[in-house]
Amino acid sequence: MTKELTKSALHGVIPPLVTPLDEQGEVDRRSLERVVSDQLDAGVHGVFVGGSTGEIALLDTARRTAAIEVVTGTVAGAVPVLAGAVDTGTLRVVEHARQAVRLGADAVVVTTPFYIRPHRDEIVEHFRQVHAAVDAPVIGYDIVSATGSRLTADIVAELASSGLIAGLKDSSGDLASFREILRRTELPAFTGSELLADTAVQLGGAGIVPGLGNVDPHGYVRLYRAVRESDVEAASAEQDRLARLFAITSVADQRRIGLTASVLGAYKAAMALRGLIDHPGTHPPLLPLNEAETRTIADILSDTGLLGS
Amino acid sequence: MTKELTKSALHGVIPPLVTPLDEQGEVDRRSLERVVSDQLDAGVHGVFVGGSTGEIALLDTARRTAAIEVVTGTVAGAVPVLAGAVDTGTLRVVEHARQAVRLGADAVVVTTPFYIRPHRDEIVEHFRQVHAAVDAPVIGYDIVSATGSRLTADIVAELASSGLIAGLKDSSGDLASFREILRRTELPAFTGSELLADTAVQLGGAGIVPGLGNVDPHGYVRLYRAVRESDVEAASAEQDRLARLFAITSVADQRRIGLTASVLGAYKAAMALRGLIDHPGTHPPLLPLNEAETRTIADILSDTGLLGS
Amino acid sequence: MTKELTKSALHGVIPPLVTPLDEQGEVDRRSLERVVSDQLDAGVHGVFVGGSTGEIALLDTARRTAAIEVVTGTVAGAVPVLAGAVDTGTLRVVEHARQAVRLGADAVVVTTPFYIRPHRDEIVEHFRQVHAAVDAPVIGYDIVSATGSRLTADIVAELASSGLIAGLKDSSGDLASFREILRRTELPAFTGSELLADTAVQLGGAGIVPGLGNVDPHGYVRLYRAVRESDVEAASAEQDRLARLFAITSVADQRRIGLTASVLGAYKAAMALRGLIDHPGTHPPLLPLNEAETRTIADILSDTGLLGS
Amino acid sequence: MTKELTKSALHGVIPPLVTPLDEQGEVDRRSLERVVSDQLDAGVHGVFVGGSTGEIALLDTARRTAAIEVVTGTVAGAVPVLAGAVDTGTLRVVEHARQAVRLGADAVVVTTPFYIRPHRDEIVEHFRQVHAAVDAPVIGYDIVSATGSRLTADIVAELASSGLIAGLKDSSGDLASFREILRRTELPAFTGSELLADTAVQLGGAGIVPGLGNVDPHGYVRLYRAVRESDVEAASAEQDRLARLFAITSVADQRRIGLTASVLGAYKAAMALRGLIDHPGTHPPLLPLNEAETRTIADILSDTGLLGS
């Protein structure tokens, strides 16, 4: 395919899909197909495979390939498929991105380089070379908590005006910067915030890439539609419910397991409880939630209407 | 090979080799062979391919493979070859490590996971699984400036007592922690500090993994031998000269290019000036030093006896 | 006064006043009176003396005393006066807070302890003791960029439910946390963001504490009123104009002076250009803006309607 | 007094004294006198009142005054008294420094500004103005863990060549930078590291400012003398014993109290167990160690020969 995903095609709710595991630690293809089907049923406007929520940093070549294959195969053109090309340096990212495009991804999602500590001009150079080497639109991905460097509004504006990126996923948590980007560019900009979804779209954001959308895609689709219909109260009420649901991500004791394990483990535990995936396991080295924590998550699912009690 | 690199084999000066490029941006195999030969002539006790200095974070599969092949082929068993298996998560690291072992590496060097923000128990789990999956000794690699997390003395002591690591490369800059590790374990521990090489070995460190050893392996070998022969003054004098040489790493203007580019670009510029490699280029997205900076580096090489004036 | 500032009294636009200097480096009392009068004319709902914008960290005892005296004296009860009691530890904060109350402040604004690295329970203990020792309402102040620690939503909820704080100034930049606090407490919560003022109030925030309000209090009062009158478009347009004005804070070259100097120097330069203060100087060790930067600020003031061209 | 503390006078072991409390939370003058006497008996070469270990960040004016008075009064000229003038900004520091000099301090110890985020040139400007305003030698104090900014070797070299500082206390933990400073300046440089004391002096450091010296001044004096007499083995053995003693600082559970509370609480607990001070309390908001932790500290004191068992 050529770089032709239109700007209007990039909008709405585009959840970053988890990568379910079977008991042997392999990608659980049937569970992943079920997840994709649930997303499409809910009316999402796209899906994002191989993001941070998809444990991209923990997948080897075989598992990364499997995840992309299942997703592009199951989606079968119904909505755009974004694929993460997340790695430390330019050549590695190009390698991942080309593979994702070969496997049917409609766009690739690219962070700042990490491990090396890049200068802002090296971040721009990174996107320049990725753009030149990959035959698909590139979405910039600001996830400073993972990479240690920002896609500042200045950098995004430069990337946008040079045509190097076709969109932005902003997981920086910095809504002031998000808003500045909306002011300064025409870029479709997506928030990665589960908790500011209504606000980000009201401010002009193109959509939402919520990890929690794995657990409750219907909720985010309702929220998005309410904003589009200017029903501020309905959007806000849905956002409040989703904020209560988001409490699952702080159930695990972070003196025992890490933040990433707490959040991704919670998503998968909730999805397993809802029957969307068979097993709640995460990839090594993430440690699992315990039973008490899983029960608390079940309680939260009940309280937010996602599990019969 | 099996996990049999003996403890006594792991000692001395083991420079983390740069990965030279040709003008097309491919690995310059002949330059890399020349670098390895220069190292062996200088009497190094091992070499480390695919470390941070080797731009491991910037190499794609083909280039990473080429670098390891050239190094193991040229070394041809003369000294141990360590290979970096540097990546974000466990399965990715196992994939790299197995490949390196297939290509002839005698040990693999593994950092804490990054991008995800691991709990200390997840760091231990990471090394447990890498150890179990890879048929070669694993060397722990603390490079907190790149990964954002430490291999604290507590974690290293746990890894050592469980037999999960066979050595440590400490690039934390924290000599108090290095010393605590020497007190608490029998592990061969290497400093990654160019500037505390004599001190680290005097305190009981097994050796040195100096990036600057690419530029002047003879200097580090002299320093190491002086310490071993308890010639503190000679060691200190050599360290002082190497500290003056290390000034090449702060020549580049860091308002223009990043820290990693400044340091690695300086090594390569100095090596090109010395005729060790054909081109000083670094991998994208690192930006190059300019001509004035390169001239300053030449001056420093002259002042430290490495270039005729 | 006793702890009786009612909740309803704490709302609206409460700018953190700059502390103007004369040419000898003393507090310029007449300029400060003029600033206060300009604020009251604009219809602000309170003023905040001795905040970060007031260079509280740079004022010695005499200057801090002078600033509070001038502000409480000039305000003369027209609106509530908040005073910063910003220091590293509990006893120091109590000392500052009691002095501020003696000088007529209606409430004190208190950050987390800093320099020491407090545990979250030590942060709570800090507020417990300050609350017990000071006869005025305490407003919590989250300014993690300065203190290095957060007033997380959890801590704020605990402080609120224990009655230890009567309000919150949130300069964390984290609107998701701000919103969670609004959900979980009844606390009047103020945003310190110049750029999310409309959004923060629309979400239920009690008001705004904008440093930029020194330069254009009328703008923030108009914005606040527009939100209160549910005129989203007018609020948004005003916010956009204020965002263009906020560009003055990134005019200075941060390779030459620090971020704090850039921002506070820009406010004072703009105020001097508008005739609100006599001199644009900041307290040592902050370095000044240069003439070219000041001219650029004048241009921005013209473009945003604050200076005749 | 005038700025005349000679360079040769600044050397040896200069512990940063704790500030003991009585049960009412006031400075326990008799305990502090006892601490000073114990230090002088041990043969220390100076004392440092009002450092981080002295909880300077937690003392109000009365307590800070009391601590300096007791120390200068008890020392009575026997050795130099250094006093911390630790605060966020220049004018505040000048105020503290002048008071300390009036109360008899022979030199003042000054960190980089904090809370504001200073540019390196603003750090230099800070020391320029403090130097000009204070009639006593100024010792630079690099404690980046508390202040968030470094006194880099470049800054120290500039301060030294301009005559703005008369010495350095380096608590950065960065021995490579310490060594570079020794190479580039003639400054008496002290390490704040409890664990690299022998090494720092062997490398040319003027001495040691060890918090742990409150608990065991004799140990650090023995270590310092051994280094001076080139008895490397004796120095190393003493350092090893002190490292075992330093384990008291990691006894407290840092899931319950903060790092500062853990370290300073451990020093005071050990001193109370040894009878040097009456009460182990720290200043608010630091939380106390519990009984089990105190018993563990007693065990460590026994194991290192400081408490009969």
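Each chain carries a letter (A, B, C and D) given by its place in the written order, and its residues are counted from 1.
What we mean here is this: a contact is a pair of C-beta atoms (placed from the backbone, for glycine too) under 8 Å apart; a residue touches a chain by one contact, two chains touch by 3 or more.
Listed by chain with UniProt protein names: A, B, C, D = 4-hydroxy-tetrahydrodipicolinate synthase.
Fair warning: this is a prediction, and the values are worked out from it, not measured in the lab.
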item	value
Labels of chains that are neighbours to chain A and to chain B	none
Rounded Å distance, chain A centre to chain D centre (Cα mean)	49
Chain A and chain C: spacing of chain centres that average the CA atoms, whole Å	36
Interchain contacts (touch definition) - all pairs	A-B, A-C, B-D, C-D
Chain D contact footprint on chain C (complex, rising order)	52, 55, 57-61, 63, 86, 88-92, 94-95, 113-119, 121-123, 125-126, 129, 145-148, 254, 256-261, 283-287
Touching residues on chain D, where the partner in the complex is chain B	173-176, 179-180, 183, 193, 195-196, 199, 203, 240, 243
